[in-house]
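Please go over the structures that come below.
Note that chain A is present in both complexes that follow, paired respectively with chain B and with chain C.
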Partner chain A sequence: MKFTVQDPCQLVRKTFGDPVADDLRYVVKAVVGEENFIDMWPNKSNNYCCGGGGGYLQSGYTEARRYYGKRKDEQIKDTGATYVIAPCHNCHAQIHDLSEHYGGGYHVVHLWTLIALSLGMLGENEREYLGEDLCDCGLCTVDDE
Partner chain B sequence: MSDTKANHPTKLARPSGLSFKDKVAELLPEGGNLNLCLTCGACSAGCPATGLEGMDPRKFLRMAALGMDEELTTTPWVWMCSMCTRCVHVCPMRINIPQLVYHARKSWPEDKKPRGIVNSCNAAMKTEGFSAMGASSEDFKFVVEDMVEEVRESQPGQENLEAPMDKHGATYFLNQNSREPVTEPDEMVPLWKILNMAGCDWTYGSVGWAAENYCMFEADDEKWEQIVRTKIKAVEDLGCKYWLNTE
Partner chain C sequence: MNIELLPLTGVRSVEGEAGDFTVHLTQAPRYIDPEKCIACGECSRKCPSKVSNDFNAGLDKRKAVHILYDQTVPLKYAIDAEHCIYLQKGKCGNCAKVCPADAVNFADTPREFSVRVGSVVLAPGIRTFDPSAFDSYAYSRIPDVITSLEYERLLSASGPCQGHVLRPSDGTEPKRIAWLQCVGSRGNNKCDNDYCSNVCCMYALKQSLVTADHAHGEGHDQAIFFMDVRAHNKSFEQYYNQAMDKGVRILRARPHSFLPGEENRGVRVGYVNEAGEPLSEDFDMVVLSVGLEAPAEAKQLAETFDIKLDHWNFALTDPFDPVATSRKGVYVCGGFQEPKDIPRSVMEASAAASAATAGLTKGRGTRTAEREVPAAVDVLGEPPRIGVFVCSCGINISSVIDVQDVADYARTLPGVVHVENNMFSCSQDTQVAIAEVIRKHRLNRVVVAACTPRTHEPLFRETLEAAGLNKYLFAMANIRNHGSWVHATDPKGATRKARDQVRMAVASARHLAPLKEVTLGVTPSALVVGGGVAGMTAALGIAEQGFAVHLVERETELGGNARMLRVTQGRFETAPYLASLEKAVRGHAGITLHAGTTVADVEGFVGNFVTRLDSGTELRHGAIVLATGGVGLKPEGMYRYGEHPRIMTHQQIDAGFMDGSVDPKALQSVVFIQCVGSREPGRPYCSRVCCTHTVESALHIKRTNPDARVVVLYRDMRTYGQRELLYKEAREAGVIFSRFSLDHRPVVDVVNGTITVTFRDHVLQQDLTVEADLLGLASAIVAPDVNGLAQMVKATLSDEGWYVEAHSKLRPVDFVTDGMFMAGLGHYPKPLEESVTQARAAVSRVTTVLSRTEMTLAGTVATINKAKCVGCAVCWNVCPYNAISPDEKGFAEVNEALCKGCGLCAAACRSGAPDLRGFTTSDIMAQVSAMLG
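Up next, the complex of A and B:
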């Protein structure tokens, strides 16, 4: 099971730069395990916008938005990851739509979902975006390992 | 290549007075470096909006340099650029193309701007929380309290979960995107759990609680400034040290 992460433009390129992108990866690796993390390319300040920003999701230009997002979709598919961590709302909504529209089938989750899951405190109703492989994780008493 | 206006030979009309580019340059630090383009194309090569409406960032800037103001201020491409600033990041001359796009958006009459963006901005202006989905502060407070109570009762270990509202003197004032309280309130819970587990002293506020600001995407300066100023005042009125806005 592999995880990749989207660098939100607002957080990374437009505000705190690569240091916050490194912090983000520190947290992600601590949560999913370093060997399960795979970065997309290019990344950090050089990463591409997903196409959900700037009001795109509400603009009505759906076809253009998906054309724009194709580059993000291909970047994600190239990693082979089954989970994309999207620490931004617009990214979450857009990448979720890209996964369905282009048939990638990868799951898109908020960072907080995986942090809470790794801490063993993710409730049953808080698993909307997890795939079948993780949606029961930590809920039953059987040790999967 | 699509058959758009931008792909046909164009007669250049010499604009009298300042061109659109010059007017925008006057507003930006260092004039946005708008006159420094080397035409290298690094911006366009790395722009996901390249090709839409027969446009790309370099072309947009060249058209500005040539004074093609009517084309610049009417192309719907300005709504297909997300103003992500990757073009500035890779530009050897740090040219602020997204600000040129922003001001082109601004020049559109309100009734021609994308309805979804305009409606989201107008909805926000009607609530004290500035919710683009039009959710009132009462509704927000109700949903939050309802969720906290439910989690406290149903999830072992979460008996002391808190999601404070208008807590004076809290260290962090946290904004919340309207999407969660309105369409998927369960998604707020993991965030609260993490904050509480970390011992973080935080609060929501009934004034300016919504994180989004569609008036900025609409390029309505007066409205987006009012939203930001009111939110800052709400943070200060509660005596909070930090304003956390993830948008």
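Up next, the complex of A and C:
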């Protein structure tokens, strides 16, 4: 199981740059384990836009939006990761749609979802974006009780 | 001889003032005695300490005891103490053991000393931008992303792979190569170098063209990713066109990503083309065209010399006095003033020399020495002992011609006693070697098979003199220009031709005789033709050097084109400067002004010209500066020029700004169209000044009236160097810049007194129409008709009418004819500050002529065999220099001072009486026989 991470434009490229991208990776690696992390290329301040920003997700022009996201989709597929961690809800929604539309089949999760999961405090009703391999992770089974 | 080289030396401190500085210096230890070192290289071969070789951009290794490169001046080895095993640990000492000259001195110490000088010239150069900190360029992550300086070394014959480029990742030959322009230049995002570095467009074109020339076989590709191609200087645009004709792809795009290829070999380049389509291409290698920065020691230097620096740590200068720093007596030239190319650096160096000596004229000659030439050995009557030197010219010759074969062949020729091959026959060390060989083998004729005698004959002749041989016992075979360059695709044929050329040169050499030279006095005054900024600056400079000047101006007023210029470099007003310059010129006792007249006739030669003016005045002078200027094209028939009073050229707009008839406050919509008559098939050059001029005018309008709409329609914005900042400021002020191509030129219409301009917007890919209450046409600068003058002084003009310099890079202000120099627009369009620089450079060049008391004339003059002469008068009628006249018996006689050795008399005479020394009939016949046989 491999995890990659999206660098949201608003957070990284346009605001805090590489330092926050490094912080992001520090957290992600702590959560998923360094050996399970794979970076996209290019990354950090040079990472690509998801293609869903600027109001595109709400404004229609779906075809154009997906066209702009194609590069992001290919970039994710190139990593071979099964999970994309998106620290921005806008990126999350766009990449989720890209995975379904282009058939990549990778899962897209919020950063907090994985933090909570690794702390063992992710609620049962907060797991809709997790794949089958993780959706039961850390939950008490009936047998345990 | 009057230059003392002080290598490894730094400046500790400076005392005093202009005219009398004391400079305290520290010379670092060399550990090799330069007096003893013979540069045999044995020390370096035996040195076990290998160090990264900075000269080859770290691409290979050198030894701790080393020379920087093969042509280093002075050619003496030095020990790099930091990496020397003996100096660090007290062991080894191999170099000292093997040195045959006992030159190694491990006990060498730093030497502190002081020099007293009148002026100081700072020329510390520049450094290239380091892209390693900017990860978007992937320079630190992808091995096949390299800098242009590294590529330059890879491409060089003396570089780490002898000119056959191999890429760093796997040592294979890269076939598909991309260049990325503006790396560390014009950067408003991450790096702070927001100026244009001036040279990168041309060096990228050069590198791509050289690469294309060397590419054999299939699959080669050279692509340049650029923002604007700034091919703005003389012949640059033609070079750009040549590169495109050769198949170099010029892509207007800024790649967004460099991704590693498979196994981190090669580079995948992601970019968006002009139509907005995202594309991705795989290249074997990417070259980053890195920009130029102020040198690392700039701040230190500025503190030591107490001069001011600009925002980027370049020396602060004034466009009206471009080589003067903020401190009197301290001058600057080259990249430290502003990033610039070789011709401008060379011009600036001469300009700094004239500025630095202007205040020191009283002391001229008091501390100099004369070159002593050993008495020439008498070789008359000796059988020919010919030495042949075959030059590789790096790879310029040897990549096509088999120089070893040519050398071997030369050994078989009669009279040849010594043959060798040199990497660069013209280098300083080779000159010394040739002189030694001449003495050792008692050579009495020398043949160099290399390049053109036009540029290199004087150098080799000096070497002959130094070796005690009459300098006319020398012949050249031009196997580069006439061989490897023109027959690049036919190495075998070129080698065969080179053998023929060498055989002919050797045959010629056998007939050479030692010649005597005549010396004549020098008239210590100069003629300056043209009273614009260049002419006035030259006149004033020459007068400041203590020589009389005749300044001839066709019009009754001085000032030329500058009178029509509002500002230079965006904020420096021209008029006050022009007024003070004119006042200085008119007020200088050494300058005689001849206004309202032209040159009718020029006779004579370097040191002794006689010029007649239309006014009838006759002038005697030793040197000539032509500063005849350029003219703005009246763009008749283009963009409706002439059909509306508000369709104006820059000169007209500037005049309007200055007299108030064009009021920026009253303007609502202004359009400028660039390249009007420039960069067109009929006039394929860039006029250089128009982009900056447009930006200056656009900014003037925007500063006065921010609500005015200003649109600039351009092809490439060529606001080179620090002019880029004006372009940036104009964009920030809201000026709209829209690019057009030659297939979609803007269309101008005048309907009911209203000007409309329709242009294709390159982003929308749609036609837009704007109304304009002022249309500025950035019309070309063209050469005036100076054919008459050029013929009088035998000056060459280019196809476009510009004066042709003796060498575009190395002698950018000299004419081929001795004693004649150029300055200003007559040479090529240039902004005012560069005209000032070139004029000051001309001053320096003129001074080299006028500061001599006598002039030696060439020995290659005609002689008359009076036994054959019948006094028919054909020769003295045909002689263009009036050098032949009848003697008291009516036979022809040559005035050797006037004879230029053109040979017309020898060709015209029906009885074969004249012969040309150094180029005799028997010599020519011998060459012809050698060629046929």
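Just so it is clear, the second predicted complex is superposed on the first by the 139 of 145 C-alpha atoms of A that agree within 3 Å, B and C clash if a C-alpha of one lies under 4 Å from a C-alpha of the other, contacts with A are read in each partner's own complex, and residues count from 1 in each chain.
Basically, a contact is a pair of C-beta atoms (placed from the backbone, for glycine too) under 8 Å apart; a residue touches a chain by one contact, two chains touch by 3 or more.
Quick caveat, the model's predicted, so the values are computed rather than measured.
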item	value
Which of chain B and chain C A:Arg71 touches, first, second, both or neither	both
Which of chain B and chain C A:Lys44 touches, first, second, both or neither	second
Chain B or chain C, by number of chain A residues touched	B
Touching partner for A:Glu128 - first (chain B), second (chain C), both, neither	first
Partner chain in contact with A:Lys14 - chain B first, chain C second, else both or neither	first
First (chain B), second (chain C), both or neither touched by A:Gln58	first
Which of chain B and chain C A:Tyr26 touches, first, second, both or neither	neither
Which of chain B and chain C A:Ile115 touches, first, second, both or neither	first
Overlap of the chain B and chain C footprints on chain A, listed as residue numbers	45-46, 48, 71
Interface residues, chain C side, partner chain A - complex	135-136, 138, 257, 259-260, 270, 278
Residues on chain A engaged by chain B in the complex (per definition of touch)	9-11, 13-14, 45-46, 48-49, 51-56, 58-61, 64-65, 67-72, 87-90, 93, 110, 112-113, 115-116, 119, 121-123, 125-126, 128
Chain A residues touching chain C - in the complex, by the definition given at the top	18, 41-42, 44-46, 48, 71
Chain B - residues contacting chain A, complex	46, 48-49, 51-53, 76, 79-86, 89-90, 114-117, 119-120, 151, 154-155, 157-158, 177, 179, 184, 186-187, 189-191, 193-194, 197, 211-212, 214, 217-218, 246-247
